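To keep things simple, chains are lettered A, B and C as they appear, and every chain counts its residues starting from 1.
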Amino acid sequence: MSDGARSLALHGALLALLLAGAFVLPAYHHGVLARVMVLSVYAAGYNIMFGYTGLLSLGHALFFAAGMYGMGLAVQHGGVTPALGLLAGLGCGLAVAFALGLLALRTAGVAFMIVTLMFAQAGYLTVLYFGPYTRGDEGFVLQGAQRVLFGFDLSDAGVRYIAALILFAAVLVGVLALVRSRFGRVLVAIRENEERARMLGYDTFAHKLGAVVISGGIAALAGAAYGLLFGYVGATFASVQYSIFPLLWVLLGGAGTVIGPFLGTLFMFYLIDLSSGYTSAYMLIAGVVLVALTLFAPQGLAGELRRRIWRGLP
Amino acid sequence: MSLLQTRALTRHFSGLKAVETVDFDLPEGEVRALIGPNGAGKTTFVSLLCGRIPPTSGQVIFDGRDISALPAHRRINLGMAYTFQITSVFANLPVAENVALAARRREATSAGVARAVADALERVGLGDRGDQNAGDLSYGHQRLLEIAMGLAQAPRLLILDEPTQGLADAEIAAFKALVRELASSTTILLIEHNMSVVMETADRVSVLNFGQILAEGTPAEIRANPAVQAAYLGTA
Amino acid sequence: MDFGPYLLLASLEGAVTAAVLALTAVGLSLVFGVMRVVNVAHGEFFMLGAVLAWWVAHLVGDAHPAVGFLLALVVAPLLVGGIAVLADVTVLKRVNYDPERTIVATIGILYILQQVTLMTYGPDARPVEPPFNTRLALPFVEWGENGLQLYWPWGLSTTSYKLAVIGAAVVVLLGVWGLMARTRIGLLMRATQLDRDMALAFGIPVERVYAMVFGIGAGLAALAAVLIVPIQQAHYLMGGDPLLLSFIVVIIGGLGSLPGTVLAAVLIGLSDGIISVFFSPTLAKILATLLVALVLVFRPQGLFGVRRA
């Protein structure tokens, strides 16, 4: 089988399994999986920058929150429809990503990590500062008509699952197309050797900026969708923790693979879910996994698959 | 007419005059060798040409147009190609993808890219290595891959920084033949230490010493030039 | 209170912040300077110092508060330094001090330390009694009938303990400076900082120097926390702010420069006290984080640093 056909088979099978899950899964796992799908879209956005372009951001919560608050504030205070809210969230994320990219891409390596961390922290504090609108840590709830998208009521668990699956599938297909495109291949070239890519005539700054905008846009879309699907907008989603999560998920699942972000999110979600049944200190698991990954499996789950079995895994 | 000119091109590194007021003319279609002792400023000079580092002062003119202010990637897109002195391939990517990245700048279709990749690899003798990771190639083969990446760009000016360093004798012979073959379609600027390559491939030779042009002429003239001999022997 | 005395009070509070911040940030700066890695878990070492101080004071129990405090002053930095050395040997050394992987690994260490503290020490904030705490009223000058004269404005006061914190920080910083400039260990550290490979070639045990620097850096943070814990209570989430502020100080002072770090700590500490008098603390933090990000973007050598060729 050619790489293209195998890739179609693998990702098609994943989508088919998830679709089947809509009908057979018990209610609890049904709900968990809907969350995992939306959050793995967030991780997929993160992966564009970290996995494919080699830009390690510690501030992606800024984009996730830009999408979530762009949507939430537009729906709550602007009174727009949820569909327009989603667009508003996406627009906010794209604009924030563009501005951050212009500034942060002037730095590289450790400085880039700290700059993104600082901007995200400023974003988090901004959410707290405008407490009268955002209601700070407490957040606000979207309900009733605010969650009816194109006539479908997202507070219904079945509808929510399908909506999450549609978003997930769209982003999965989009990312597959992106990494096979010329643009995507240049991103990989930049990750591998930026100076060489530049000396082949590629405008590496423009490509990196494009990667930041796409990555931030996908993260914002995930944030907006998360707020709409689960009816809650809160400052936690802008905090440092939510910048670390996608890094963790992508590292675990396999950076620079299309399926990795989903695998990592799924695995981590159930691990934390399991452990929070025993202790309130469930973030301990996240810490241990992070350290273990850097020490023993920097390639992640799908990365190991690529290394051992299938070199052409996209 | 000159494809490439520099006027008073200068680069200082905190007091060190790496390149000092160099006026340089390279006519279209010529194969020019750039030689000089270690530390003469050869790599700095070609880095100024293709914009890897900015000049302290002076101009670079390509095809009649002042490109001194253009960033490197814009210059490359005007038709320059630069191969690195220290091999700088995409080690974790397949050989074919390395060349394809170079070819995609000018080939619009994937069939065109595939053709250009196969052609460039064939010409440097790496035709059967396309699937390997570039990092798994031997050092000599990585140098050949560098050259293939240059070829795939089909440049008007090909700048080769010490292309034969680390090559075996048979590979050097093949390289000489390749340069002679390319000479009909491309202007070539070659930094080279191997004098047999210089003598057999170059139309003219420029000698750089302490950041300045010491002499220019045919290979035979340069070989007979006492100032050049002195510079190489270090008695100047 | 009039504006003048108010400003003096804010400056005094700021000086205490600056003193503690300088100690914490110098620890972070030392680690970055010598090892070229960013330790994201630095704030947790600070937190551990405070929690261990409470623990030591609690164990000592009914004796005079000074006994527990003085014991904590010795025990907490040593224990925390030991934990840091352990983290260095088991984790950082094994990722070869690769800058990016070290950041990811220290994020992991951050969560491990924080959550283990939550599991053992619990979610409560607990105080440690200061060894002495005399209230000192402060005079101010005004223009009276007989020219310039002193008066005691109501509310303008500080405590002997706060003044002692400032004094202790100065002494410790001088000690660090002496260690770096005057001792053989300092010489080894500076040699490693200048050129790691050359230091290795000259037979300097670079790995042991790294472990020691990581330990000293963490110990300084813990020491700062012991000093502040009689003023602020010990809590498992208290590491976030010192980490952020230390980042700000180290970046503004120029990465890895000790004098720049101290200068920036004084500047930030004082202005933090003064700014929060006029702005909301949240706005002050927003401005400070943006300032750091922009300094890194436009002036990566720091505000006081010199651009290297």
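By our rule, a residue touches a chain if its C-beta (ideal position, glycine included) is under 8 Å from a C-beta of that chain, and two chains touch if they have at least 3 such contacts.
The model shown is predicted, which means the values in this text are computed figures rather than measured ones.
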Worksheet item: Based on Cα centres, what is the most central chain?
Response: A
Worksheet, complete the sentence: With centres defined as the mean of Cα atoms, the chain at greatest distance from chain B is chain C
Worksheet item: chain A to chain B: how many Å between their CA centres?
Response: 43
Response to the item:
Per the C-alpha centroid definition, the whole-Å distance linking chain A and chain C comes out as 35
Worksheet, complete the sentence: chain B and chain C have mean C-alpha positions lying a whole-number Å distance apart equal to 53
Discussion item. If we count contacts the way the header does, which residues on chain B are in touch with chain A in the complex?
Written reply: 50, 52, 71-74, 76-77, 82, 84, 88-93, 97, 100-102, 104-105, 149, 153
Worksheet item: Residues of chain A touching chain C in their complex?
Response: 56, 58, 103-104, 106-107, 109-111, 113-115, 118-119, 121-122, 125-126, 128-129, 240, 244, 247, 251, 279-284, 286-295, 298
Worksheet item: Quick one: in the complex, what on chain A touches chain B?
Response: 182, 185-186, 188-189, 192-193, 195-204
Practice prompt. Could you pull out which chain C residues touch chain A in their complex?
Written response: 38, 91, 94-95, 99-101, 103-105, 107-112, 114-116, 118-119, 240, 244, 247, 251, 280, 282-283, 285-286, 289-290, 292-294, 296-298, 300
